[in-house]
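Pasting the structures in now, so scroll down.
You will see chain A twice below: alongside chain B first, and alongside chain C after that.
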Partner chain A sequence: MTMTALSDGLAEARIEQPKPQRTTLWLVLPGVLWMTLFLVLPMLMMVYVSFWTQTTFAITPVLTTKSWVNFFSSDTYLTALWTTIRIWLTVLAATLLVGYPTALFVGLFVRNKTLQTVLLVLCVIPFWTSFLIRVLAWRPMLGKEGAINLVLQGLHLTSAPIEALLFSELSVVIGMTQIYCVFMVGPIAFMLGRIDPNVLEAARDLGAGFGRIFRTIILPLSMPGVVVGAIFVSVMVLGEFATSAALSGRKVNLLGNIIVTQVGSLKWAFAAVVGVVLTVIMGVVVAALLRVVDLRKEL
Partner chain B sequence: MQSTLIKPALATYTALFLLFLYAPFVVLAILSFQTGPEGGPQFPIIEWSTYWYRHLLGLVPPSRIAPLPIDESLLRSLGLAFMTMVVSTVLGVASAQAFRTRFAGSGIVFYLIVLGMMVPGVLVGLGMSLVANALGIDRHWWSTAFVLHVVYTFPFAFLVMLAIFNRFDESVEEASWSLGVPPGRTFRKVTFPLIFPGVLSAMLFAFTLSYDEFSRTLFASGRDLTLPLAIYGTFSVEIHPNVFAFGVLTTLFSFALLAVYAALMTLSIRRAKRVALQEEAA
Partner chain C sequence: MATILKLDNVSKLYGSLRALDGVTLSLPDNAYISLLGPSGSGKTTLLRVIAGFERQDGGGVLLAGESLDGVPAHRRNIGFVFQNFALFPHLSVARNISFGLENSEGTARPSAGVIAAKVRDIVALTGLGGLEERGVAQISGGQRQRVALARTLVTEPGLVLLDEPLGALDANLRTRMRDELRAIRERLGVTFLHVTGSETEALAMGDSLIVLDRGRIGQIDAPDTVYNRPASPAVARFLNCYNLFEGSLGEGAFVGPAGRFALDAAAAASKGGGPAYAVRHDRIEVRPPAAPAGADEVRIEGAFVASEYTGATQLSFFRLDDGRLVEVEAHLSHRSPAAYGADERYGLVWKRRDALVYA
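Presenting the complex of A and B:
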């Protein structure tokens, strides 16, 4: 004890950790600079360029709202906007419906920690395959001569192959649901795992059925997980373009696809307008979701 | 709860869920063994063969199906992933170290960093190419695409390191300082070995995320293709089982990477245990 007191006293004199503020500044500065230059600046540039004048192959920094007027008066863009919102909502609902029961099982019913980890790892393993390969993998599944149609016909559930499975909005929704539902399962399972089993026990002892326990205890307590999952899924689905490019046969055009095409034909100002619209939608969605649950209080 | 009924039902559901996650990939793997070059990317398997794997490696006589441009793009992807890994791990460790002391504006800085993993690749990619255009810079995978990869992976490294530092026992550092070891040396000799497992995880995250990243690369990398861009290029044309064979190979590569990580992790944990035992013995 006296030794520590002594060394403490010595340390007071010699401790080489002075000016902590300055060290902190130097440690955090590179990261902040990097993010400002390569994240904030590009985003601001996008807003700025959306007001530039677009000529056939170039943009000039003469401010105009022409691209914006163009966006909101064009059927193509408004359809894309509507498709994006529709697909986003569908996928959001689908990932929640598909993912929740799994999260319920993993987070609440499996009380063995090892089994829980194994199940979660099984959910994450597909992420070790390239995203694009996972998207492409749906083509031989959904096609006219694809695995699903073969199985359905083999079981005599359908007499002719279902053609609507591939190169339609449905295929895009199926693909996105599979790719993103794990982002829903993870946070929900995490929140469910933190529910005190005694609370459920008490409710059961007082005669509540599973339905009632689910509505009044499990669902409300899992809401922060649902919100975090919804934020992940929303941001990713809204910024999507590869899944629809691969699985819709160019029939489904999301705002992301519009950006890619516009950049391909050097229509930078239009692309920037679409980018700003997308950013605004995401901002509104995330802000709205954060209002549902105060995450800082819950986590 | 009537777990007699609900638990088996949910267990069955979870099994189906896993089937949903894995089925496409299993189908893809099976079809990669389709015969070539006349076999298409669908059932039935005309004849089992490794034709498309050999096609991928350039070991078959040329046919009407162009080989995937993988050799150069693979090197580019690996180089890019390596650069990204080094820079974002360094940035992540430094920023997480800074967050160990409360400083003014730490809230804003936290959100600024985390924003990097939230903003979709389409948007930053577009923004970055607009900046490059305005400044008259050429876009390359090692310049504009590289900085965006770091923007994306640095937050992951930062969060991993933040979690590691949260569980970090600060008294060992204080002991080192009080013995007169300068902060730089303390970090090298005391702090770094202790946080090394976290650094490994951060590196793994950064490498694999960058290796797979494509929407940022698509906008910001100019003419030269990286591996994901080469795959994306096949989206618009008719696909052949060579893409499937390639998918199987990259997946195996990812698992190999994971195995290396696991081995390094076990080694470092074992070493830490041995050091702890020696200390106890001493």
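Presenting the complex of A and C:
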């Protein structure tokens, strides 16, 4: 009797099994639908359009590789590609250089959780003003008559204003580093804050000085944060156009700027080519960064 | 016996709280010492001061006769085993164990061959063979405990501090690890200072037992001395096996709300920390209310509340007229558990000479 009751129960359980699976399906559906409609389809469309035939005033769905050949045979566009990669790598290095010590301080040396939160919020305060204002605010800072030059001259450290500060690649790098640094600080500080203080004390107890502990414990344990921060910064910098437009005096052309100009002059096919190139670069960068650390294991 | 560690009037303040209040003690070389204290008694603080994670506000710490004043934690040659083990989560078992040898600043780094040999030896000693390449998240709690121990012992520290090392293990494993800890220590001949909040663990483990009471040393003695003759009512309370009565010491008797307890001539040779009167749970006998007490006995009355059966013993609770609970422990090796009627009154009787009196 008990046995039958038991097997009856089992049968019921087996019948009810599919239910949770259907729930999973319903939970996944909205996301899949949204991504298909607004990410996958547009991307396929972009690839398709990049092979359309572009004339001065019109675009026709006749397949051709003309836009692609045009992109890879033009010095201007290849220079823009190279500039984009160069600026991306410089900004990535700069945000890491500025961001890691900041995160180290906030995440590891400040053990008071309230103070930690306050400091992280302080990092986000610049975001209370709009993106454009933050970028443009660098002009009175870096300009020929700007704050930095005035101070330097006032202290008699320089006799003439340094012109290279504004409307150069340097000003673009400075502006981007300031804007995107917090995306590096956040994930790293988060990972550092999760390190058990006892683990660091154990390392000290086993005879390791701070340098050793940093190299063997702190750095490896914070790597997932570095990778996530690098993905954030990379994706945003590679798609950038506004900072370079506002701070380079049109001297620095990124792939993003080219897309803006081409779309402005209705050159859809060509804009699509640049878009595909940019998407491929981002995909490769993100995939490469994810190879460094197995995020699923770490988070 | 040579002294390995000496604390001289060590004190530590957290704001206005005296976590350590003039602790003075010497630990002998090659011994297992357990340190018992309730939570908040300052036992972890004491270990952290010895290890160098915290600085004392006064007094001195000497290891093998040399002052540790100003010596940072990583140059002290003192091992520390954490309660949560604090293993390096990104390293394998073998790399956790070799960490101290590979990264120590104080001593010359041994060659890779020497490190491998030492790791092999300690892995064998702690019974971790076959797990060397596992990650520390892939092994059991008991194995993690062994890795924490092996990682510390492989650096050959002069003294090993263990902060509630068995606290994170389940009861079964805890008793087994007790024996192993003792065996490992005996093989290495190093002094272990084992901090615990469990009185049974403290009594079972230590060659000698230190009781810490609100930042001060309550008693240092052999475990059986501490158990049978606690130095103060506070120590008796931590041991969790004494009924304590308050009151005052009169002529030939101890008088309190619970009654008048006549004193034995020997018991009257009282200790400090009171006034208090203590009787061990298992020294009390339960008798029917009508039965009188003998000439050398003390008798009070209480109503039965409840009893707890633990297999080898029966612990019964009786409520006195003033509301206080008295615990009686009966060992069941030669008798079967008694059945008491709820709320019925019984006589609780003990020998005068079994009582401890504190002035």
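Everything that follows uses one rule, which is that the second predicted complex is superposed on the first by the 264 of 299 C-alpha atoms of A that agree within 3 Å, B and C clash if a C-alpha of one lies under 4 Å from a C-alpha of the other, contacts with A are read in each partner's own complex, and residues count from 1 in each chain.
Rule of thumb we're sticking to: contacts are C-beta pairs under 8 Å (C-beta built on N, C-alpha and C of every residue); 3 or more make two chains touch, one makes a residue touch a chain.
Note that the structure is predicted; figures quoted are calculated from it, not measured.
Of the two partner chains placed by the overlay, neither chain B nor chain C lies in contact with A:L157. When the two complexes are overlaid on their common chain A, residue A:G31 makes contact with chain B while staying clear of chain C. Once the two complexes are overlaid on the shared chain, A:R204 sits against chain B and chain C alike.
In the superposed model, A:D196 makes contact with chain C only, not with chain B. Contacts of A:T23 after superposition: chain B is touched, whereas chain C is not reached.
Once the two complexes are laid over each other on the shared chain, residue contacts for A:V121 go to neither chain B nor chain C.
Using the contact criterion defined above for the overlaid structures, shared-chain residue A:L221 touches chain C, although it does not reach chain B.
Set against each other, chain B and chain C differ in how many residues of chain A they touch, and the higher count belongs to B.
In the superposition on chain A, chain A positions 204, 209, 213 are in contact with chain B in one complex as well as with chain C in the other.
Residues 1-3, 6-7, 10-11, 13-14, 17-18, 20-25, 27-28, 31, 41-43, 91-92, 94-95, 97-99, 101, 103, 109, 112-113, 115-116, 118-124, 126-131, 133-134, 147-148, 150-151, 154, 158, 174, 177-183, 208, 212, 214-215, 218-219, 227-228, 231-232, 234-236, 239, 243-244, 246-247, 250-251, 254-255, 258 of chain B are the ones touching chain A in the complex. Contact residues on chain A toward chain B in their complex (touch as defined above): 7-8, 10-11, 14-17, 20-21, 23-25, 27-28, 30-32, 34-46, 49, 59, 98-99, 101-102, 104-106, 109, 119, 122-123, 126, 128-134, 136-141, 143, 145-147, 150, 178, 182, 200, 204, 209-210, 213, 235-236, 238-242, 245-246, 256, 259-260, 263, 268, 271-272, 275, 278-279, 282.
Contact residues of chain A toward chain C in the complex are 196, 198-199, 201-209, 212-213, 216-217, 220-221. Across the complex, chain A is touched by residues 51, 53, 72-75, 77-80, 82, 84, 86-90, 99-100, 103-107, 151-152, 155 of chain C.
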